[in-house]
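Across the two complexes that follow, chain A remains constant while its partner is chain B and subsequently chain C.
Presenting the complex of A and B:
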């Protein structure tokens, strides 16, 4: 552009003002790009599917305190009662709830022995209704049969010999061909063999921050323990209506135990990702106020510089400059300042990302985000300078003839 | 003179009210964001037991798998096996020692009209109460004899006492816990150390326990264990085999008065591990650690990464706001060049001009600081509602934080005002007067 030489020379007369705006833009971009990157990262984590029918599932805890209580018989009676209720799809006793943050994990290995490499997986103890209640999709093999189900005494160290695992787990066991996992045997507790009878599409471990969150397995166990959880899946849309009914029916069926913590999976998900959600909201607020402040800063400074140059602008107008030429002057000026700001912003954004990556184990940023950040700041700059530039263009040529 | 400068500053602020408002908002937002995150970090990293945090030590022994070290060999296990905890407790080599673990229980109130309640519990040895200065309303802790004899005694918190006994002095009463009759020996007042340093493995900001029972009752199956359990070697069937196995689930704290005591205790621990090695345990190299309260909280990374990251971001935010203020102040002061030139020509010294413009900056800073405090208060409310119960009690402004906010805003605006003021003082009067 023809004027840019003049504009740069004019800028050099007020270096500090321009430098301050450029620095602001650079810092804003540094923060904006990294914050958006962090927000995206969290959103991706939050969008992962747990694999279960989240909308129509809830759970409750059953705590036995009476001394004369037949846990096996009463548990079966509880489940029969729930499964027969109209509106209920299925129900199971389970040791841990996906997304809840608390559960079991076991180390598994290809060969028996105490010095072999292991892969960890979350472990869910369910009966033959497990697949149906969780709502997971079996993509290979078969479900457990009622004969596979064993009672697990509290503190028991032996395991059943069958298991159903997730596809992600099969992939980490057999990286070349996950389908070959079906029918294979691996070892639990160092030396107890377990055969893979089925593979399910996906089922998350209870810990959403764990790197192996997609690895989980079902084992055909019913637990004979005083504290247990029932997971209940209802027909679409009937969950909220059935929750109090089932709670009441269980509480009234037998005394000597407590039914507590009736919780939906949706609430569990919300709680599980609460920190992610909170951080995202805070970061969004920070980024938007920051952009606003930078924008207003530009407006303020531009207005002042226009005020100081009223006479000069009037003179230019008197010498034949059009309104548009005056406006263009300030917009080009802002563009030049923004360019410097954005260049430093790119460096700052990458530097901050490198620091975050080493300090907090974040992944490196992608280049598209930096480009988007740069474009956004150019737009913000141009928008901010629009009003002052318009005001400048309205200065009357007659001003040139007046003293201040 | 000072009040005269204040008056001039006030007039100047009002004359350019839009600009002043912009600066006050910028500073307010910057201070508000910074204070919100600083407060969260400050409360997360607070010392929960300042008067003796240097004397309380968390004990770690590396009993883990030689083939697959705990935490890739960087740290010993974060908890201890039952065997080691009870052996070290029995050895009584420290001034005080307490083994503890998380439990839960069902309480059946004596009053048949009241429903049973599920209580979060802690199974601990007698020294726990004295070590951690647990405040009692009625009665006190149990004796070491009660631990050894596995007596059915319980200390309950105020909340449980209110629920079950209507708040009266319940010492000597009995309470049915998991089917057994326990004798209440003490009632403690509300005790919620933040962070809950004595057990950070199950959430550093969780609630303290409702009931406290002797640790030895776990082996008797009188109370149920909860909390985290981590095993590297399969143990046999049943509780006895589990207790004898290589599972970590207990926590040992010791109180050591001096640095010398600490060194002696560490020597004792090393000797203990060497002795255990003869039984085929502790195959890893010697790595026993004693961490005092603050070291332990640091090691367990109690302050969330998110909180630290947001603090870093909010300080950068503050810098942007200050740059904004520097720019606006500069524009404002330079806009007054003719006035400054006139005043200088009439005999105003640089010192006079300097103090006048610094006072104007400080006024804006103070207003910004007050706005910042209000915003920080709202910000903390927001943080509290976003994070829910995990942030309970972590989002409050105390006196020192309020003072810090005001000081931070004053110092930062004065810093921001320095350069513009300096420029304003160096205006050449002759040039300005010429153009008038």
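Presenting the complex of A and C:
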């Protein structure tokens, strides 16, 4: 008794308004589903763990300008000073910071020589304190020993013969059995052998948008460079307290260099994903606005339709329709229009996703999102038509006998 | 069958009260064919609206088929309109987007008949008004007289106890009006009670009983007649 047959036949004879609303619903669904998909994708990216102890870690830059400055000696003295401070877990010199946007990338290959298949990875130069300072989990193999650590001069092209890589990197090298990467020798810079001595659970690269963000490697290098970074990990909850203390202690220990840019990893993460956050906010605003416009469109069409059919509604009431039956008529009508809109919306959403997936290398949309989008638009439609439908139900049956 | 005792209807617009009906008394018996005449603004349409449960009244008592209409809520009035009253309007009031079959189907759906029962009643009543062959036509494809016949079929489809007709021939030429009147007479002879509001004195005379409404009251002539009937 839902009059759906009669409503469909009536709509077919008066289709322009309904068609426009159905198209609006379809367009909204197409954009909404894909926008939510993109928002979710970014949210997932932002929720990925960097692998390091973000809450308790910060870094600073050490820029040497004095001519008679012994970089090797002073750097070791700096690290000894920091490591001995109460509340500090460990500290290292490092060439790049995860998620910071700037770093080094190198490739490993199974065999030496040119034109061989390579797998690229972010490269972090650390000493034997690297694992502890970063707070990464070593899941196979061993850490570097103090004897493994070499000094790297600026512009040096040779590499140490040991490395610790992430599990994701090991999987890229050995897709079927990542553990078999341990102990294997690979080649860096085409022909320099490098043995994998350890595997970390995870450590992200400095570039969050890179498809290989989970592929990282540690090499036992300390840089003899005028500009370097110190990464410091503190005991839980003591980071903010120690940041100014360490900055001051380093600045006072020796002149001839600048200690600057004391930054937490948490701030680095925020900065790294600032664009993601902004894009998500914009997409959320667009989707909300579009959904609201669709809702208003439904209200507008329903009100117009009701004003046009005042006498008809009065006649229906005169013929025995209850207020609820009048309301139900418009709600069913909206449901039918929404159904057409949602069907076309599903097709549109999948088509747009296929295009996005091909063009921007996104993963395909999941069916749950399409179902949620459809349900949302049905609910929006029903809520939007509620007020006009209620208004229609209040039309007096006496309207039937009035000359309008 | 229909008893109105001292019915009043007052419209309030701001501070101004308009008495559309004053102490309106009328008894309609089963099988009557009553025409209601009167000048414009006399209260004919208000009477028809109240009799058809399209409007509520301000004072008085109104019994329809023994049921006190004043005690019914909105849903109760809708149910009673659907079950006991058939409406014929001056402007036909057919739904332009629906074909004849669907138009006649409208009140039947509100009654809750199943598809088979509805189909039977629709075909039967369109047959009765001579339009069975045009079921799939839209109202706009018919003449005024034919449209009013469809409206009559729609009114009869629910087997109402009585028909309320509001100027049923007001929008028709004399030939079509005559045809519609003949149909109403035939329906009345088959047992349906009819109350018809009309301006047309000649048509009014074709009813078995005529009442005149003046200044919201049944005119004296009719009161005397009612007393004689009693």
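Basically, the second predicted complex is superposed on the first by the 392 of 404 C-alpha atoms of A that agree within 3 Å, B and C clash if a C-alpha of one lies under 4 Å from a C-alpha of the other, contacts with A are read in each partner's own complex, and residues count from 1 in each chain.
We adopt the following convention: contacts are C-beta pairs under 8 Å (C-beta built on N, C-alpha and C of every residue); 3 or more make two chains touch, one makes a residue touch a chain.
In this text the structure is predicted, and so the values were computed from the model without any measurement.
*Asks:* For A:157, is the partner it touches chain B (first), chain C (second), both, or none of the two (neither)?
*Replies:* In the superposed model, A:157 contacts chain B only, not chain C.
*Asks:* Examine A:73 and indicate which partner it touches, taking first as chain B and second as chain C; both and neither are also allowed.
*Replies:* Touch partners of A:73: none, neither chain B nor chain C.
*Asks:* Mind working out whether A:323 is in touch with chain B, chain C, both or neither, as first, second, both or neither?
*Replies:* In the superposition, A:323 touches chain C alone.
*Asks:* For chain A, which side has the bigger count of touched residues, chain B or chain C?
*Replies:* Partner touching more chain A residues in the overlay: B.
*Asks:* Pick out the shared contact residues on chain A: the ones touching chain B in one complex and chain C in the other.
*Replies:* The answer is residues 403 of chain A.
*Asks:* Of all residues in chain A, which touch chain B in the complex?
*Replies:* For this pair, the touching residues of chain A are 16-17, 20-21, 23-24, 27-28, 30-31, 34-35, 38, 63, 65-67, 114-115, 118, 153, 155-158, 189-190, 226-227, 258, 260, 271, 274-275, 277-279, 281-283, 286, 289-290, 293-294, 296-297, 300-301, 304-305, 307-308, 356, 360, 403-404.
*Asks:* Can you list the chain B residues touching chain A in their complex?
*Replies:* Its residues touching chain A are 18-19, 22, 25-26, 29, 33, 67-68, 104, 106, 108, 116, 118, 178-179, 224, 233-239, 241-242, 304-306, 308-310, 313-314, 316-317, 319-321, 323-324, 326-328, 330-332, 334-335, 338, 382-383, 386-388, 390, 419, 423, 435-436.
*Asks:* Note which residues of chain C are touching chain A in the complex, please.
*Replies:* Checking each residue of chain C against chain A gives 45, 48-49, 52-55, 74-75, 78-79, 81-83, 87, 89-91, 93, 95, 97-99, 102, 105-107, 109-112, 138, 154, 158, 166.
*Asks:* Looking at the complex, which residues from chain A come into contact with chain C?
*Replies:* 1, 3, 6, 9-10, 13-14, 311-312, 315-323, 325, 396-398, 400-401, 403
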